[in-house]
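In the two complexes that follow, chain A is the common piece, with chain B as its partner first and chain C second.
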Partner chain A sequence: MQTRIRTLLSESEWLKVNAKTLTNDADLYAVGLTSHATIELMLALEEAFDIEFPDRLLRRGTFSSIGTIAEALAEIGVQQDAA
Partner chain B sequence: MSSWLTAARAVGVAVAARHAADVDRHARFPQEALAALKEQKLLGIMVPQSEGGGGASISDIVAICYALGQSCASTAMIYAMHQIQVSCVVRHGVRSAWHRAFLKRLVGEQLLLASATSEAGIGGDVRSSLCAVEEHAGRFSLAKEATVISYADDADALLVTARRTPQSTGSDQVIVVVPRDGYSLERQQPWDALGMRGTCSHGYRLAARGESAQVIAVPYADVQAYTMLPTSHLVWSALWLGIASDALAKARAFVRAEAKLKPKVTPTGSLRLTQASILMQAAKSTLAASLRQYETALTSEDKLATLAFAVAMNNLKVGTSQTAVRVVGEALQICGLAGYRNDSPFCVAQHLRDVHSATIMVNNDRILANTASLQPALREDPDFLA
Partner chain C sequence: MSLRDELVQRGLLISMGVDGLYGRSGAFERVVEHINLAFGTLGDPDRPEVMRFPPGIGKWQLEKSGYMKSFPQLAGTVHSFSGTDRDHGALLETLKEGGDWTAQQQGTEIALAPAACYGVYPAIAMRGPLPAKGRLVDVYAYCFRHEPSVDPARMQMFRQREHVRLGTAEQALAFRTLWMARSRALLTSLALPFDVAVANDPFFGRTGKLLASSQREENLKFELLVPIAAAEHPTACISLNYHRDLFCTAYSIQTTDGEIAHSACVGFGVERLALALFRHHGFSAEAWPQKVRDVLCF
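Then we have the complex of A and B:
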């Protein structure tokens, strides 16, 4: 799942660095993720994993690192090995 | 009613209102009103009791802003902006010995806090900084081209935003508390505006220095989202509605005078007054509900951090500012020439000029555009009233 999130990030222009160089707990906001890009990221995740984020997960912390995104996806029911 | 509100009201009526026209005419700091607020010890009431303050809630502050807004808009705005800064230090500086000591000092000396968030070259987006905190051996320095620092000449301390380090990206910001002896100001653009003239919102070149401990450790992104933004929109909304309420009181007095003059005829302005009071009722209800929403959310950082909460607070700001402007406009129409003339007791000219700041300061169009960009992520609320 982390790999897929990382690929999604690396194929976008949301970050100022290559997502492939980021650890799971690296702060995405510190490497350029803007609030506008966060919405695009959220929509891209919903599309890629065929899920819908509930209101309570629509907060800054959810999208702050590859790790927190993976946790949120797991909470919504995405399987850890989802490719 | 809290004893704080009673005291603030008395200051509003007896001092702030008396000098409001002069403050406006000369675009000067409302020193009489601020001195009286300090004398009544109303500047430190939000500081927790453990640090010597009164432990006042956001509701207490909102009520005071509504009261002051009816007397002198500039005084109310200065008090509101001060309390926004206090709330940030109270909520996010609590784990730091330096900030706790500062809060004690704030209560004891009734320090007035001002904000230096705006900066030349960032296009009005306070969530981005050009200037940076430069740290060396436990000390810091920073230099900022602040397009606006309201009442800076009369403040006792500033809260300044800057990038965390010179290497940080624009949005990786911190907020730093700098007491008066830690900064120098060079006035740039003077404040000569349509309204809110007493806020003395001049532009400055700011140079600050001090101990690294003065930097609030929590990212400014969190300070802004959890505290500064909701507090601002609540206290501002309250004072804008205070301005509108005072204008509507004049319209009401005008209609009553008409009714007395011609007892058998419904005054011309009655219908418009009714419509204006419907607008006010809705805006007041939204403010009260938003206040409850914030107080509930304060119990959990998760709730404060949701997009839905931020949007609700932004909607409050846009909605009440629009309503306040509209209501004052209606008051003018009701009072007619008597409202338009500067020499009439029904004059609402200053109300009108002051209240127009509401949609401009943190421009509604910017907020609307921001909320519009979030719409794809927003959901309806099926559980309303459940």
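Then we have the complex of A and C:
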């Protein structure tokens, strides 16, 4: 799942660095993720994993790192090995 | 009797048959003028550059600033008829039938300003990088937000008096801290009860929930709230906003070092402050406590 999130980030222009160089706990906001890019990331994740984030997860912290995104996805039922 | 009915009955506000749209009496406007004088007493010593814009901005500005991504439900655009004689006949026919003739108008290049500061950013951007001390601009304009309400403190067309600070992040934050202290002191001297709260803008939809939560988590917006129509829902009369680099990125405004600049603003809702004064000190400004009148330069 982390790999897929990383790929999704690396194919976008949301970050100032190549997402493939980021660790799971690297702060995405520190490498250029803006508020509006967070919206695009959220929508891209919903489409890629065919899910809808519940309101309680629509917080800045949910999208702060690859790790926190993976945790949120796991919490709403995405399997860890989801390709 | 509701506050709105009382204000209309006393002639302070003039009903225009549309929720949130009012005429203002001379007595009401006099209070608004004096609120502006009090604002000037606080802010003029900073020697801001004064800019005054009409209530319309270029439609392109709503696009460039990202407004339509965040607040499509609040935006207003100006439409006008630009058809042929035949189209005009069709429009009159729709009108006669009581139909929606506005659908037969076309969009113009003008949108209504959603906040007084929107004119500032492109004007500053045209001048190139900011000087080392940044810039400070004083603006005052009628604004429009599409949120019809019977609460007289939630008008659809209202005025904002603002100072806008552009510079480094430190300069923008120091400005906000300064105006927080000034605003609290002003409301205290006006003998108005108030609370200070972390706030968020009314972003649209599900994605808006995420933007609102981010804005609150980062303490980007503070409001000074005064009870006006209902004690349990106090009204934001002054707001202090740190935009980070949102507007300066949109308009490519750089600091003297070539970094993307940051901005902040303080906005006084002048009608809301007038309503707060009428609500707490009575409907005649002549009878307000002398200390309050002194602060307002009466």
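As a convention for this text, the second predicted complex is superposed on the first by the 83 of 83 C-alpha atoms of A that agree within 3 Å, B and C clash if a C-alpha of one lies under 4 Å from a C-alpha of the other, contacts with A are read in each partner's own complex, and residues count from 1 in each chain.
The rule is short, and it goes like this: contacts are C-beta pairs under 8 Å (C-beta built on N, C-alpha and C of every residue); 3 or more make two chains touch, one makes a residue touch a chain.
Note that the structure is predicted; figures quoted are calculated from it, not measured.
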Taking the superposition as given, does A:31 touch the first partner, chain B, the second, chain C, both, or neither? first
In the superposed arrangement, does A:16 touch chain B (first), chain C (second), both or neither? first
Taking the superposition as given, does A:39 touch the first partner, chain B, the second, chain C, both, or neither? both
Between chain B (first) and chain C (second), which does A:55 come into contact with in this model arrangement: first, second, both, or neither? both
So in the superposed three-chain picture, is A:76 touching just chain B, just chain C, both, or none of them (first/second/both/neither)? neither
Does chain C touch more residues of chain A than chain B does, or is it the other way round? B
Which chain A residues are contacted by chain C in one complex and by chain B in the other? 34-36, 39, 42-43, 55, 58-61
In the complex, chain A touches chain B at residues 16, 29-32, 34-36, 39, 42-43, 53-56, 58-61
Which bits of chain A are touching chain C when the two form their complex? 34-36, 38-39, 42-43, 55, 58-61, 63
Going by the contact rule at the top, pick out the chain B residues touching chain A in the complex. 127, 168-169, 171-172, 221-222, 225, 302-303, 305-308, 370, 373-374, 376-377, 379
Touching residues of chain C toward chain A in the complex: what are they? 66, 69, 206-207, 209-211, 213-215, 217-218, 246, 249
